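For reference, the structures are reproduced in the following blocks.
What follows is chain A paired twice: with chain B in the first complex and chain C in the second.
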Partner chain A sequence: MSAITVNKKVCLLGDFAVGKTSLVRRFVYDRFEDKYLSTIGVKVSRKTVVAPAAGRVIDLAMILWDLAGSEEVDKYRESYMRGAAGAVLVCDLSRPETFDHLPVYVDEFLVVNPQSQIILAANKSDLTEALRLAPNQIESYAGSLSIPYFLTSAKTGDMVEQLFRQLGRLLLAGDLAT
Partner chain B sequence: MDDSVIQMIWQRRDIAYAVTDLELIVKEVNGPQGLICGEESKCVGRSLYEICPELVGFEEILEGVLKGKQDSIKLDFVNREGAAGETRYLAMEEVPRRDSSGRITGIVHLVQDITVRGELQQQITQSRNQLMLLQEQIERQNLELTAANTELRRLDELKSQFISVAAHELRTPLTSIMGFVEMLLDKQVGTLTEKQREYLEIVQQNGLRLLDLTNGLLEATRLEAGRTELVLKPEDLVALVKTVVSQFQSELSKRQQSLFEAYSPGLALVLCDKARVIQIVTNLMSNASKYTPAGGHLSVEVKPAKEAGYIQLTVADTGVGIQEDDQAKLFSRWFRTKEAAALNSMGSGLGLYITRALVELHGGKIWLESQPNLGSKFHVTFPLAM
Partner chain C sequence: MPNHGHAGSHQDQVIGDQISGSASSLDNLRQILFHEQIEKIEDVEAGLEELERRINDERALVKMIAPVLGEAIRLKIREARDELIEALYPIIGQVVQRAVTEAVRDLARTLDTQVKRSFDFRLAWWRLRARISGASEAQIRLREMLPFTITDILLIHRETGLLLCHLRSDQSVATDTDLISGMLTAIRDFSQDTLGSVDQEGVGEIMHGNQRILMETALYTYLAVIVDGIEPAGFRAEMRERLMEIEHNYADEIRGYQGDSQTLTGVEEPLRTLMSASAGQKLSEGQKRVLAGAAGALLVVLVVSCLAISWVWRLGAASAERRAAAIPPSATMTSVPTETRTPLPSPTPSPKATVTYTPTAIPSATVTARPAPVVGVMIGNVWLRSAPSYDAARVGVILNTGDQVEILSRSGEWIYVRRISAGQIEVTGWLPARWIVAPTLLTTPGAQP
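Up next is the complex of A and B:
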């Protein structure tokens, strides 16, 4: 039985340097870079996960849009977001302001893609000495949007696979519903 | 325009293109190698979505382009990895392809290499982001420092409070002890033997020292906490100095010390707290007398200071003097020179500390000149009352 392949576009959204590129790099290539290289524009990567859905095995090809977090993109971001089925919101646990900005991205994304799935990654959980956001803050914000959240570390890989797999399940479940 | 010119433009501008049919299957590829997909020859016959995953999600819009409902799709700064792992920046555009009759027959997928522009933009963004990260970090550190500072200030205040409460509590029983000792020495409750008198006098002397210390502590903590308030009025500094001098006459004659006074005539009034100035002058005079051997010479002088707007008081002696090393430490809390401690075991090490704080509270300065065994000169300035 050959699997059915489904393509889904997923955007990574969040302020600069929160770890969007690093999360994709960890998930797709299982690598990590300490050096910060600001993304400009967009880098698209593809990763296929195999997921069971409605009694079939489905190859879900996630087309990951790693968007730049800097202001320059603000004017294109909306067009970049078009046609996305899901988004990973990313904030940095050591920089509270990156958490405060999340609603801006959510609002923008939902205007373009009202039927999409969103998941929250509170990243850099390995920086135990420098954490400035409490897990219950993250939890209550995720709760208010009814979206799942994960405390991730692109550096150690903690919860990164779980994050993307959970989003994958949501994307397929959303498909079956329609 | 002839085809070779067009080819030249494609090459010079780093532009490549792919043409598809209505099913979005690539039919033709042209332009510099590697821009459309790894190997141009392998692109033909594949779906546009395969060679350009960036277009996944744009299906409906592409449909619109094919139907002529939408002009084009543009994507700027698409990142791709080059053969050596380097980042290449591409600008992409999807435009309808029309035949000679104007009918849309597919899509033209245009790709331009804008790596040079992209790298420049990347460097600008990188520097800006790194600067902003640094700024965020500085702000966070500032916040932490402010918090730590507030905490320290609170602890310091608690310490001052504790000391002043303790000093107050010590003073009450001490005053009572001193009162009873005085009664005994006055023979109000009977005569004393010579030994009893001698010992009681030692008790009295040490009691006085203790009282002096507690008063000094109270005063120093008040000054440190900024709770000392001055009652500033225009005063005649010479008159205040003379008051102190007259109180010292008997002490000086007891120690056979001579005092030379020099007051410039017609000095203007200074702005000061009378009681505090008397305290300052008393402290300086008392030190001068204490640390000068019997038969030595003292002098007081009041004259306009070198610095305009100030009057200067100088108290000089021919006493033990102060080593250069000790001079800088002289005004700090609890500091006593070895020579001073040997001559007078009663001092607390708070006198000059308090004196300096009081002088500075007035807006004046205090400093000294001294040589071991030749004597010391203490200078104090007070601001003129305008």
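Up next is the complex of A and C:
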């Protein structure tokens, strides 16, 4: 079994300050400064996971495009989404409006990339007292889209690795299916 | 009832036999009557099936249509040329515009570089190197554009921004090229969205000091070449050719690229040839030593020849002085006026004012110590002559009273002048010193006008 490298483009989608950049900063290889997000509206980083697929070990490099979640760059977002094999939807468990906005991102993303894989990260699970979103709300939304979801904490690292590993598996499974 | 039933079923069987018998005979009859038609129908069915197969199989369909399509296009060009040009203009026009823009840019770059380098000592050094290596004039010209180094070549998938191939040189500057290609693609997308689709080519270049990222774009991929210095003319065309070659050879793999770079094995070969465009010009250590030795030897030869020439010159001047001492004092054409325009005849030890206008005898004749021209005014109407003598031929010009002349040199009582007169052609010639006023600087001992 020889390891081969596969690269996939993945977009991080979600409102401002939901923790996308924190997910990237702590759990992902990050080379560029955050200023790119406010200037051109995107910052590229990499998350590598090792996953078995079809009897081979695959080094999957997810090239993560962290897209700025603000209205100023909305018009560029579509170009940045082009060619993505997957997306991580991020919302903030302490701010229900960030959850309400998710369908906008999903619709936009699926129009550009109909054959892609999506995963949902409900972030800031460490703020137990401030939680205003019930996990069953997340669950029912994820269920309606038939996508997996994780209650993550970029602060403690809870479920972040699992999130990316699951996405990796989905991306490679998508390849095998085609 | 059972008997009846039995008799009934027997009857049924008989009727059935009769029917099947008549059916088979009907079949036979049909075979006899329609066998030709049946065969034809079978043929048509087989033909249809084959046609269906071809239409469903994309490759077979393309193979089938391609020759006809070529002929159809030719016909269309003949019959509706303008219409076709109109239809193709958005594509062809852009390509042509791009090529012309690039040619002009190349030309400008070449000129810029030539001007910038024309007084550069390195130019002479490169020429020498090229001559020694037996390179052609074209190669010398190419070399003049250097220094130019390719540090990295990145082949990037346009849509996803994924890195397809990365070639690095010894001076490679790019790390995390997968991230760089992502950001680069984002920047290109950003500029495309901001500046609109006026120029589909997109970002062509990013400059950072002496380093640049040159970009060439094709349908599915683009090439980003990180270079140091100024690329030679034609380098971009080379980039484009290599890119086209890749897109042609890996059309299917690139179009449906899923992120597995193993599907693109061998894609780096065309890029290697591109990389060698700069690497091929480099010299090995041995060659450098040989060249350095040759240049050193050349320098020694040059210095020795300079010394020899100056020695021979001095020797010549000394013998001329000796000859002048032996010749009776007369102004002859041996006193050649020099182009140094110095107003000072040399202070030679000889008592005779002859044969003193040689460059070696004028210690002050340097470019830096050039005096202002000495101007005199004519006080009579005098013929200008070709030599300092009344026997010499007239130049065909008379200088009139009041004319201004630039005094170039003097031989005895004769002065060599240039006419200064706006709107008239420049004439030089000799005339007697007494017809000029104020040539004070040209006084020669024993030869006052």
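Here is the rule we use: the second predicted complex is superposed on the first by the 164 of 178 C-alpha atoms of A that agree within 3 Å, B and C clash if a C-alpha of one lies under 4 Å from a C-alpha of the other, contacts with A are read in each partner's own complex, and residues count from 1 in each chain.
In this section, contacts are C-beta pairs under 8 Å (C-beta built on N, C-alpha and C of every residue); 3 or more make two chains touch, one makes a residue touch a chain.
Note that this is a predicted model, so its numbers are computed, not measured.
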Clash or fit: chain B and chain C on chain A?
clash
In the overlaid three-chain picture, which partner chain does A:Tyr76 touch, first (chain B) or second (chain C), both, or neither?
both
Just checking: does A:Asp175 make contact with chain B only, chain C only, both, or neither of them? Give me first, second, both or neither.
second
Touch check for A:Arg95: first (chain B), second (chain C), both, or neither?
first
Just chain B (first), just chain C (second), both, or neither: which does A:Tyr149 touch?
neither
Using the touch definition from the top, say if A:Val6 reaches chain B (first), chain C (second), both or neither.
second
Pick one for A:Arg46: touches chain B only (first), chain C only (second), both, or neither.
both
Taking the superposition as given, does A:Ala85 touch the first partner, chain B, the second, chain C, both, or neither?
both
One more residue to check, A:Phe109. First (chain B), second (chain C), both or neither?
neither
A:Phe27 contacts which: chain B (first), chain C (second), both, neither?
neither
Report, in rising order, the residues of chain A that make contact with chain B in one complex and with chain C in the other.
7, 9, 36, 40-44, 46, 63, 76, 79-80, 82-85
Which residues of chain A touch chain B in the complex?
7, 9, 16-17, 36-44, 46, 63, 68, 70, 72, 76, 79-80, 82-85, 95, 97, 132
Within their complex, state which residues of chain A touch chain C.
4-9, 29, 31-32, 36, 40-46, 61, 63, 65, 75-76, 79-80, 82-85, 175, 178
So, in the complex, the side of chain B touching chain A is made of residues 49, 53-54, 56-61, 74-79, 89, 118, 121-122, 125-126, 128-130, 132-133, 136, 140
Show which residues of chain C lie in contact with chain A when the two form their complex.
157, 159-163, 176, 178-179, 182-183, 186-187, 189-190, 192-193, 258-262
